[in-house]
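Labels run A, B, C and D following the written order; every chain starts at residue 1.
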């Protein structure tokens, strides 16, 4: 029953926020709900329910391996949100707060959905609920971004619906009773009609891949991340993408059960490496440091797919990387938000010398950069190294080499941009910086905490998490 | 089926919307046709579909069109003739594919699958080939229609909640789209997405 | 037992130093010196006793138990880290003080201790995961040290180049260590000669560590980084940091089975690095760039020795291999010592004149007698001239190679060319350092700044004197160093256990000593004789030219012109020449620039290709929504095709 | 005791006999040119006079200006003492002493160049540049020669190495070494010791500003270097080591004389080369040594 609370609490909070009269105090809903959600999520992490409380919905190992990360990230963003929204007092935040909370609730639902249709509905709902978040800034650019997000994402989601139907039809054709819970589908296994399963896999991979932001379906990402506030960017990069990744994993498990695991892994591998390459190429000549983060997120989605495609240890490492990615991206987006506020510019042509203007955020941003480029001792280093290792262990030597080259190119691009905006002499653009922006503790602590979390995850991974990931791997590939 | 070609062929926005609406209506009726014994639930679904796809959304779109008083011509990125040919090719392909695919006996002769695939392709083609925001919404509608059509295959087996949810989501999606269109119009004084290229590399 | 105490103490103290650095300079200096002293003690302990220290933690870091181990090989390098680290700390006190560098001095101190600590940890870690962590931490702290003066654009550029190259190397090491872990099933490092399938990994390691070691084609980052870094940083980078790459190579060539071609490849690389490094050094007109390239050359010399060692070890008869390897290891120390000395000297010159451009200096010996003397000392040492220490190690390498030839070892085919290359290198290096020392310190000041230079303070002088003393020690009593030296030899190749020093080494020491004494005596005698004969100061005769000006002196460029001409095929000097024309000629000038050939001729084109690919991708994303949908459909089609192919297969 | 006496004797031989050679060369040249020429002992007189003269020191010069020649002189002397004299062998011989010899000469070069550049005169700069640059090629040739010898004799210490084998290898080596000798001692065709066009010189231009005792040290050092090279050359070609004492002494002295006369003849019949052709000549010498090396390698392999 507690599982349901994970969904209900945020939604109730969202309703409350929507009804709350005062703009000034409304933001406090965010940390409150976030805290409650995290407490629940972690309580469940430590005391996982023996059986999912409903065949359609449940806190199963997969959800257990992922959801706490999202919840933690949300908490960080929520804590940051309060001072941020105070800073943006000129914008009404009713819809924003409500939408953010709703998104959290729906993300939990999507993570816990064990039914094909329910999963799809939840994902679609997340997409819709994040629309108001995107055009919070209410600028033409924001609208354009939102429009693209909606249409590209919508098309993707439509394809994934078609894919769900195909999968359903596969089970129907295989003589299934039309029960679309993943458990049932996996149980049906090779009974599913193969061609339909393959079609379903293609459609679902592309559909959910669009939400994940795998190349070449990533086109909405830079626009959305570039225009959205830092918090939203962080939630999209660390939360929504995770939802889509969960979906892909669940589907892949079914496909594998249907005996097409090899094909699925190969497609996942190729698309993952392709995304990493494309992201790296974009990063090489990126100029806008928020769009840069978007491409870095594309890159990391590629890394996740690569890891997942390797299966076994690679999949385990992918779960590990989901956590690291959420924490690191959170820290990066929040500190980037600070820089954006302070600099009054977004590209390396307008911004430089931030280490003079906002030393703390700049230092934080650089630290985050090294974290996200897999420099020890931050978490991503360990997960990516583990992925490389398992790639070599499973005989994907060339894949690993290609992967490393892409990482290198991405590193070039990222360092180029970040050092350009952090070092050097402040530009005139920085003179007319937002006068209300000060590097208060409130805007520094949340990213710091997230970064420290990523650090801790790497140096001393909690046993409960390791156990949770192992359980999730076992759930997805029960055979070995 | 033919509606798709019309949709591709038409050069004017209202007619495009009309096509979409009509297709929605047809879809709404579908379940009743397929269902042999009438169940209340099915009736409700059908009614809802007709209402939504056939009436509400087209009305919405017309409103959006009127508020953003724009000329009714579509500026195709892919010319009408090529898109017609492409659509036709797609349709043939869809039929062939539907033949190739293993289907349950009761679906063998029905053109459901072919039609679904065809209108999905049409929708994508419209999304790619038309630059007007509203026309793209229409394309999206037709895409969704196709998917819904495919969903009808499962109407026996899958609990209707799925369908309901789909309907809901679809409507919400388009509703929001409508709002966005509205906002874009205010922001850009045009519904031509060709102008929406501020965000670029 | 005390070994634990020493090392733990060193680590803790250095951490404290890193923390105290930004605020408390005095405390920092004391702590850093204490830490380095402890490291030195531990290293000498391990070398002297030949005891191997091995420690495993109860706790896990990054899901792996910490495993530290100090054997002779790592101790050999640790000693160098400690010495240069301590000297540099003292030097920085005078060279990069708060009052002159209020913004960066504190940062510099903090990162310095961090760097020392990370270098130490790299040498201590015996677990792949932690080795990588220490390695990358060391690379990053070095980056922050190089870019201390980050307001200068070229410093930033050099720093970025360094970071990029170093990261490329690190990713190579990612591959190396994960392959190792994947094949052996654990991150633990140690002797694994019994896994013949591991042999090919050597090539990956050669790339990964070679970048850091600055071997010839991989040295692209080295010159600009070492030239633009603050001098004490250049010193530790050039004297110690690049040795870490070498440490990795030597370490794993001792632990892993070697592929057949390893020794030959290393010899070839070494010969290339040595000769070309020396040629590039001779061609430079920037004092610190010259020193940087000379590091490439010396790494080459070390590589030649190590390569001969590899061949010897591979071919069973180990007498000459042992000699060459000993020479290589000793040269690691020697180069660390005199290269740091030289960079300190260059720093003092830079401090005094504010420029690295040699053609703006000249006659500095008057203003900077100490620096001049010490720099000259360093130059003699690094040109491997008797009676100083550079000669001892190179002589050992030569001896090994000659013995190989004399013994008609089948591998002599490889050692003969290497020997000749070594000879050419020696001559080129000599030319380069005659140029460096004389153009900077002798003759007349070429500019006003050079004329008004001032000697450095004791904070900077003392470390130089210390290093010079260390050089002298190695030079005059090489036999005394041998017991320490033969520990790492035995640790590297157990077949070389049991080491009485090679007889000639015992002879060489006294000879060098005698030579030093006689040289000094003769110099004094000649000086006295001159004095008694009477001595008159006059204008340089210059064949009777009445009014010689400082501008008429031979510049570094013209000094090197001949040899540069011979190596133009690789140096590719770029000249801009404006002749004086007309009756009343306008000012004419001749600008010569020696580009970093590999960077501009090899890396440049490749990166252009990559960048154009990137530009192409960007052009595909111009904000047209329909295109985006098209890409989506294309992705759909591609994945579909992939699946079809896959399911067909 | 004996050893010390022997060592002193050796020292005396080198110090006293060295200045003869330039005298002989000059005599030969004069004889060819049909002049009377300076007395053979001319250099002794010069040295003696210089030793007593005072010194004019450039205002720019540092103490290195005096120390340089001294160190160079010691270095050459030390190198000479390492060289065995036929059956007498050497007072100090150890494996690898040949490298020490080569590098002592390098030390001498370093100090000469240093002292030359003290004055900041363009001419000395020119000379020093040429000296160190040509040394690069000469060094290659010398090292190759050393390798050849150690291949032939399977040993790495001078006293054992200088037991040459007859044959083409020896001839090639002889020619190569002779060329190197000419280059290292700045004789024609590389340099003209008694021209007075400073621009065309290598060695004489190095010492333009030197005078008095330092100049004496330089000149004497040069003479010793010449003697050293000719002794080396002779022993590298003739099997002096094996002969009985008297014959060996005869052979050695005769050989040195022959070399000296040859130098003289070359100087009288050849003109100085243009500088850009000097590298070619040195490279040729190097290649000759390489061929010798190959022959030795073959011999060793067979």
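Please note the rule applied: contacts are C-beta pairs under 8 Å (C-beta built on N, C-alpha and C of every residue); 3 or more make two chains touch, one makes a residue touch a chain.
In this text, all values refer to a predicted model and were calculated from it rather than measured experimentally.
Trainee: Taking each chain's centre as the average of its Cα atoms, which is closest to the average over all protein Cα atoms shown?
Mentor: C
Trainee: Any chance you could check whether B-C or A-B wins on number of contacting C-beta pairs?
Mentor: It is A-B, judged by the count of C-beta pairs in contact.
Trainee: Could you tell me the distance, in whole angstrom, between the mean C-alpha positions of chain A and chain D?
Mentor: 78
Trainee: How many Å are there between the centre of chain B and the centre of chain C, using C-alpha atoms for each centre?
Mentor: Centre separation, chain B to chain C: 68 Å.
Trainee: Could you grab the centroid distance between chain A and chain B? Build each centroid from C-alpha atoms only and quote it in angstrom.
Mentor: Their C-alpha centroids are separated by 30 Å.
Trainee: Where the centres are mean C-alpha positions, what is the separation of chain A from chain C, in Å?
Mentor: It comes to 44 Å between the two C-alpha centres.
Trainee: Identify all positions of chain A at which a residue touches two or more other chains, and write them in rising order.
Mentor: In chain A, the residues touching two or more other chains are 144, 147-148, 151, 155, 223, 282.
Trainee: Scan chain B for residues touching two or more other chains and write them down.
Mentor: 124, 127, 136, 193, 196, 198-199, 201
Trainee: If I count partner chains per residue in chain D, which residues reach a count of at least 2?
Mentor: Nothing qualifies.
Trainee: Is the chain-to-chain touch network here best called a line, a ring, a star, complete, or other?
Mentor: Its topology fits none of the listed shapes; call it other.
Trainee: Report the complete set of touching chain pairs.
Mentor: Going through each pair of chains, those in contact are A-B, A-C, B-C, C-D.
Trainee: Looking at the complex, which residues from chain C come into contact with chain A?
Mentor: Residues 60-63, 129, 132-133, 136-137, 140, 147, 150-151, 153, 156, 160, 163-164, 167-168, 171-172, 174-175, 177-179, 181-183, 610-611, 613-615, 617-618, 621, 623, 625, 627-629, 631-632, 634-636, 639-640, 642-643, 646-647.
Trainee: Would you pull the chain C residues touching chain D in the complex into a rising list?
Mentor: 362-363, 365-366, 372, 376, 380, 383-386, 391, 395, 398-399, 402-403, 405-408, 412, 416, 419-420, 422-424, 426-428, 430-431, 433-434, 437-439, 441-444, 502-504, 507-508, 511, 515, 518-519, 522-523, 525-527, 529-530, 533-543, 548, 550, 552-554, 558-563, 566
Trainee: Mind pulling up the chain A residues that touch chain B in the complex?
Mentor: 117-118, 120-121, 124-125, 128, 131, 135, 140-141, 143-148, 150-151, 154-155, 158, 161-162, 165-166, 168-169, 172-173, 176-178, 180, 193, 195-196, 199, 222-223, 226-227, 282
Trainee: For the complex, which residues does chain B have touching chain C?
Mentor: Those residues of chain B that touch chain C are 77, 124, 127-131, 136, 193-194, 196-201.
Trainee: Which part of chain D faces chain C closely enough to touch in the complex?
Mentor: Residue list for chain D touching chain C: 51-60, 62-64, 66-67, 69-71, 73-75, 78, 92, 94-100, 102-104, 106-107, 109-110, 113-114, 117-126, 128-130, 132-136, 138-140, 142-144, 146-147, 150-151, 153-156, 198, 208-209, 212-214, 217, 279, 293, 297, 300-301.
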